[in-house]
Amino acid sequence: MADPSRYDFPAIQTTFPAPFVAHVEINRPKNYNSFSPDVFSSLARVFDRLSEDENVRCILLSGVGKHFSAGLDVKSASTSGPVSQTTEGEDIARRTWKIRRHMYGYQDGINAVERCEKPVIVCCHGVAYGAAIDLALAADIRYCSKDVRFSIKEVDVGLAADVGTLTRLPKIGVSYSWAKEIVYTARDFAAEEAERAGFVSKVFETKDGLIKAGFELANFIATKSPVAVQSSKALFDFSRDRTVQDGLLYTAAWNSPMVQSDDVKKAMMSGVRKTKSTFEKL
Amino acid sequence: MADPSRYDFPAIQTTFPAPFVAHVEINRPKNYNSFSPDVFSSLARVFDRLSEDENVRCILLSGVGKHFSAGLDVKSASTSGPVSQTTEGEDIARRTWKIRRHMYGYQDGINAVERCEKPVIVCCHGVAYGAAIDLALAADIRYCSKDVRFSIKEVDVGLAADVGTLTRLPKIGVSYSWAKEIVYTARDFAAEEAERAGFVSKVFETKDGLIKAGFELANFIATKSPVAVQSSKALFDFSRDRTVQDGLLYTAAWNSPMVQSDDVKKAMMSGVRKTKSTFEKL
Amino acid sequence: MADPSRYDFPAIQTTFPAPFVAHVEINRPKNYNSFSPDVFSSLARVFDRLSEDENVRCILLSGVGKHFSAGLDVKSASTSGPVSQTTEGEDIARRTWKIRRHMYGYQDGINAVERCEKPVIVCCHGVAYGAAIDLALAADIRYCSKDVRFSIKEVDVGLAADVGTLTRLPKIGVSYSWAKEIVYTARDFAAEEAERAGFVSKVFETKDGLIKAGFELANFIATKSPVAVQSSKALFDFSRDRTVQDGLLYTAAWNSPMVQSDDVKKAMMSGVRKTKSTFEKL
Amino acid sequence: MADPSRYDFPAIQTTFPAPFVAHVEINRPKNYNSFSPDVFSSLARVFDRLSEDENVRCILLSGVGKHFSAGLDVKSASTSGPVSQTTEGEDIARRTWKIRRHMYGYQDGINAVERCEKPVIVCCHGVAYGAAIDLALAADIRYCSKDVRFSIKEVDVGLAADVGTLTRLPKIGVSYSWAKEIVYTARDFAAEEAERAGFVSKVFETKDGLIKAGFELANFIATKSPVAVQSSKALFDFSRDRTVQDGLLYTAAWNSPMVQSDDVKKAMMSGVRKTKSTFEKL
Amino acid sequence: MADPSRYDFPAIQTTFPAPFVAHVEINRPKNYNSFSPDVFSSLARVFDRLSEDENVRCILLSGVGKHFSAGLDVKSASTSGPVSQTTEGEDIARRTWKIRRHMYGYQDGINAVERCEKPVIVCCHGVAYGAAIDLALAADIRYCSKDVRFSIKEVDVGLAADVGTLTRLPKIGVSYSWAKEIVYTARDFAAEEAERAGFVSKVFETKDGLIKAGFELANFIATKSPVAVQSSKALFDFSRDRTVQDGLLYTAAWNSPMVQSDDVKKAMMSGVRKTKSTFEKL
Amino acid sequence: MADPSRYDFPAIQTTFPAPFVAHVEINRPKNYNSFSPDVFSSLARVFDRLSEDENVRCILLSGVGKHFSAGLDVKSASTSGPVSQTTEGEDIARRTWKIRRHMYGYQDGINAVERCEKPVIVCCHGVAYGAAIDLALAADIRYCSKDVRFSIKEVDVGLAADVGTLTRLPKIGVSYSWAKEIVYTARDFAAEEAERAGFVSKVFETKDGLIKAGFELANFIATKSPVAVQSSKALFDFSRDRTVQDGLLYTAAWNSPMVQSDDVKKAMMSGVRKTKSTFEKL
């Protein structure tokens, strides 16, 4: 079992409800789970630890309470951080520089989900606005409940999304025409539209049903060879951004030691014998 | 209001039916709005001007009359231009060179729509063949009416599409298997198939309904912060073609001055006060 | 007519049922058409020859008998090849090196389908597991029959797919969330789900109906100008992996001599006269 | 002979001193040939015309008078243009946006030299500072006279070079360590150091000797097949920025019609017969 | 002045000998400054802090004592770390996985020098072997003393260099033929050869002279606008790896706010008035 | 020892003068070792075999007799091959298509040298023109004798070089200005200029001295760990064409199994004991 004490960070709650499965929840329900600076930095720390934790093979990501997340905590953003804290007469270049560093920090919180070696299933429910979408797009598998209201809210606060939505949305297989419409209008879209567009791959009646199904999937993935599953994630994301030829070269370099794994023998054997394999930690 | 006299080019009609909204129409209805050389060069000039016109925030693109466009004007192509005007004994290299320059010119007309800083909503109706598809694919949002007949016609005239269809079609989120089928066969496909495939994101009963809905969308987008909307377009298209990491680096460089915009304060305020913001020109 | 004697390779049967149309079938029905080393190497040789065979314009790919293919022949993989043939005390680096070379060989068999100049229509039926998916993803157009059971099986044998699935799946326009789910779980999916996801573009009631429709499509494509069709394939696949700008530059370089083809005149003429063109071999 | 009246633009003087050779000179000697806005826009127009002028095969680029150019005209930059013309209370995002558009305009003037189809030989003499370096780096061949004083001056005016120096300098084969030193320090470097570093490929005693040698080279290049020379430039610059594999694919697409040129036969014949060929215009 | 207490890490000594200048020294002189795990991790932490330290504008990197560094500490590598600590019967895939994670850690120590926002001048003296070369290649400017003995030692210990030499060496402007020779043979090369090849840009008689000249350069760079210098570094390294077009787009996005800096006015003024500017911290 | 009978191909002579060292010679001395179609196809076959031959670790490439090679055999090119064999009225598109396929074949012969897993030292002597340069640029290390006359001859026969010179020359660390000059003028350059430019890395008095030194280098490289040397080549060439980040990712994937090689232990031991290691075949 993973050691919960290593995951004690503000604004994010991490539990280990089943063997090899972690549950990460945004934990600011009184604030609609909005993203304070803590959320970004805790996300980075939690997912970087999960990435190397041999007791974890699959991660469920959701929000404590009714809502997944209302996105950036506008109140906290307007009272702290380089965007709000302007000094009279401050040099534009220096201020911009600080904001850019600040953005890298926020991007890093989101990127941690994508660079995490383990698959991440995100379960969206209630409100999922703005930064919540950036976060969901960095996950591997997107599920939602019927009550969800998605919105790529940034345009409505005078911003272009800057922590990942605009970079990842053209690469998840949705209609580019639809993607641009929902970004330019900042309009809400519901579960059914999200599923039809391919934004989420399954919809569930209730949050409870969603979380239950999420755990079933997570538990199932956790029974698989972690060498196989985690290699698949790494090769998928590398290939998505590069030519097929580069994807194949990287695959051969990566996989040539991996296929020597004991997991292959075990998995083949259990296929033949119709038994279940238990795989070593990774 | 934009100054209409700056947009007086042959074969393309540009009007400004609402504040911050431009309507660009291919204007050769007697010729099925087919693409004469004028269409390509006027497109480039019109969209390059719209791109920098502070009185424009969103553009609707359609055809005068029943049809969007029948594609390349075969008659004009066969009587002018380097492909048709062959000189006895002309050197193949030189002729090919001239044709390549000519293609760059045609590509430039289409590219102007993509490089235009403002979102472009294309409304397809009636016949939308060949070059009409290249054009539609360079727009941001694709809508159509029920009467539309699409066809990537080029194979039927002995050609591979060369002004953008083959480069953009693999990147708009449609099934690659379907895309190749419609290209190799040059067969017609109708509104419903186009919507199911994700080629268009909405279908309307009539051309009138289509144009009306297009304007509603355009007007709505025009109420948003132009800093936010136009930054979104720029970051979307850059990211589509590059790695996620490069997309994020570019986003941070681009957006760090943009988030200092007055639009952010205005937009947040009006979100709180439930009022409407008016944004400065851009 | 193509010369069948040039296509006599083990494990792959190649026939020429109609003018300009080839039928390639995996021919190990007693072994569920599983991929022995012969299958990979024959695929490379057959498709490289078809690529330059002027009597071939379109290729149908399916399996002899009930099943398309059960994927890698685990029995043969476990008794031959560098993965299974381990020598006591063999150096890990050297063994890994041999396996990598071996993978390049397998990748080459699959890549031959993509680099084949002629369009390939794959018809999936019965079982289509593991390497069968890698193969199907390298084809241009994917059709299937209702009885098909797809599975990206590799994770269930302790492996990440290494001959193309993970590199091509993010680029065929399916939901990335769905793609990752079916890879991480190695679960079966049926015809309807495959069609809804955009993995295949058409489903047919029976294998017979599938093959019949496949031939109709192949025959139809074979009536088109091969200059136009094969240029389209080349430009499509180059563009998929690169920026729009590079796609357009390559298109102009490629297409500027091609538009001087006699096929253009013939095709235009027959369009006007409503006759059928016959195109020279390529 | 090229038609001089088509090249009548402010701040740039274009003459045609020999068959197929153009001489472009920055023509603001009273201002040390510094770059006013006119220089940038005239450069773009002149080189875009030369690019398609069949009477031109090679271009010499230098400055009228003693100096090549002192770089950006600081006086004009500080009294016009979006950087200097600040309005009280102007929105930072909007001002930044205008500056970025402005930079694209400046970059376009420099890029025109690189995208010009014909080889450009730049002859640097006297002062060659700041934007003069950006310009020289966009040329094909760099020569200088002994009196030259180069400096990548931007850091000394509080700027990073933004019209090409930082993008092209890492790609011209000089020591990256040296390149960074001269950029970070903004120090002068003389002809000898420039030659040793590979920044210029030849040094001449005087400006006169430099220009004479430049014309000899230009005249010599102008006797060669323009198909061969201009194809070489195109393939060189495409390849510099891409993988070897993409370079080779593009080369094959580009060159397969070009090798059918009459120039090949002529050139081979004259090689055999030791005569001089005359090539058709391009 | 920077706060030295924030830079107290094992194996690396960081001092601040002059305003805005930091001196980072590898501090294991009894072990020839060889790279223990501490060296890698301290490098990452020190340079990441320097990167954001507003009291630092330029960094000198050298070794305490006679030698720069003998490279990887083979003794420590052979008693700790995943390569040496093999468990009987350990799964090859898992062991390889741990080694790969370990390499990322080592690469990160070296990358920190390149991603550091401030220019880094490396001064090589005495022995500079193996990892010392990887480190030197990540710096901006390379100087050395006459006594230096360089060697890309990895091949002599049965390895390919894996923390940066093979990735950066083809991009610093040295002859690729020479680079491959020194890598394949692992032979020593001295100061003069290094300078002739462009590997270092200056050679000094003694270590003292080297360090003195290094500080003069560092002090000089530290007098320049940090907005200008640090932007130059960022744009240089981004551009080195990408197309000229992408470099220019990124430059315009990055630089359009930067040119609004007060530094520009100050620098221009002091240029006119021949005075020295003092720039705000960054 | 390698088996000479596997290397019996026309126009290329392959011998094995020392353990683990192969000598490949262009063997058409009566024709100045010019490149007939045989030379290209034999190069591909010979180097592809050497690449996987465990008895070979380093390859010397030179010409039989006085000259390295005069480049393309113009006589044979003008009597066979698709360029010369024109049929009256042949379709331009089809002829171009055949020429492109033909070029891919020629490129393949040259590429085989670069994709060969083992280092290739090319020794240039006498005449080294046209295709000889393409070939030399695909090798790892370039040496020459004083009598050599290099020329990138293609422009003088009305062609742009199309089998690699224009793609590889911008990437070997020579001055881009110099590179363009020698390409556009097709002028000769001698040993000293080639060395100064970094085109070759060493010059020898005579052909005999050159070959002798080449073998000394080859023998020396052949004593090193083949895992280390061949991994270095692979990682070098991958990195040259890609971002530093991609280079590092690929390096970590490739090298994490390689560092587990017995060669590391052997090499370290022999370093300590000052003995010579003998490495297993690869």
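Should a chain be cited, it is by its letter among A, B, C, D, E and F, assigned in written order, with residues numbered from 1 in that chain.
The criterion applied here is as follows: a contact is a pair of C-beta atoms (placed from the backbone, for glycine too) under 8 Å apart; a residue touches a chain by one contact, two chains touch by 3 or more.
Here is each chain with its UniProt name: A, B, C, D, E, F = Enoyl-CoA hydratase.
The model shown is predicted, which means the values in this text are computed figures rather than measured ones.
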Notebook entry, point to check: Does C-F or E-F have the larger number of C-beta pairs in contact?
Noted result: E-F
Checklist line | Same or different contact residues where chain E (Enoyl-CoA hydratase) meets its copy chain D (Enoyl-CoA hydratase), judged by the half mark | finding: different
Next item on the list: Work out which of A-B, D-E or B-E repeats the contact pattern of C-D, with more than half of the residue-numbered contact pairs in common.
Entry: B-E
Next item on the list: Determine the centre-to-centre distance between chain B (Enoyl-CoA hydratase) and chain C (Enoyl-CoA hydratase), using the mean Cα coordinates as centres, and give it in whole Å.
Entry: 33
Notebook entry, point to check: Taking each chain's centre as the mean position of its Cα atoms, how many Å separate chain A (Enoyl-CoA hydratase) from chain F (Enoyl-CoA hydratase)?
Noted result: 47
Check: In chain B (Enoyl-CoA hydratase), what residues contact two or more other chains?
Finding: 92, 96-97, 171, 173-174, 198, 227, 240, 242, 245, 253-254, 256-258, 260-261, 263
Check: What residues of chain C (Enoyl-CoA hydratase) sit close enough to touch chain B (Enoyl-CoA hydratase) in their complex?
Finding: 119, 140-142, 171-174, 198-201, 217, 220-221, 224-225, 227-229, 231-236, 239-240, 242-245, 247-248, 251-261, 263-268, 271, 279
Notebook entry, point to check: So in the complex, which bits of chain C (Enoyl-CoA hydratase) are touching chain A (Enoyl-CoA hydratase)?
Noted result: 74, 78, 83, 92, 95-97, 99-100, 103-104, 107, 111, 114, 154-162, 164, 166-171, 173-181, 183-186, 197-198, 240-242
Checklist line | chain C (Enoyl-CoA hydratase)-facing residues of chain D (Enoyl-CoA hydratase), complex | finding: 238, 242, 246, 249-250, 253-254, 256-257
Check: Given the complex with chain B (Enoyl-CoA hydratase), which residues does chain D (Enoyl-CoA hydratase) contribute to the contact?
Finding: 52, 91-94, 96-97, 101, 227, 257-258, 260-263, 280-282
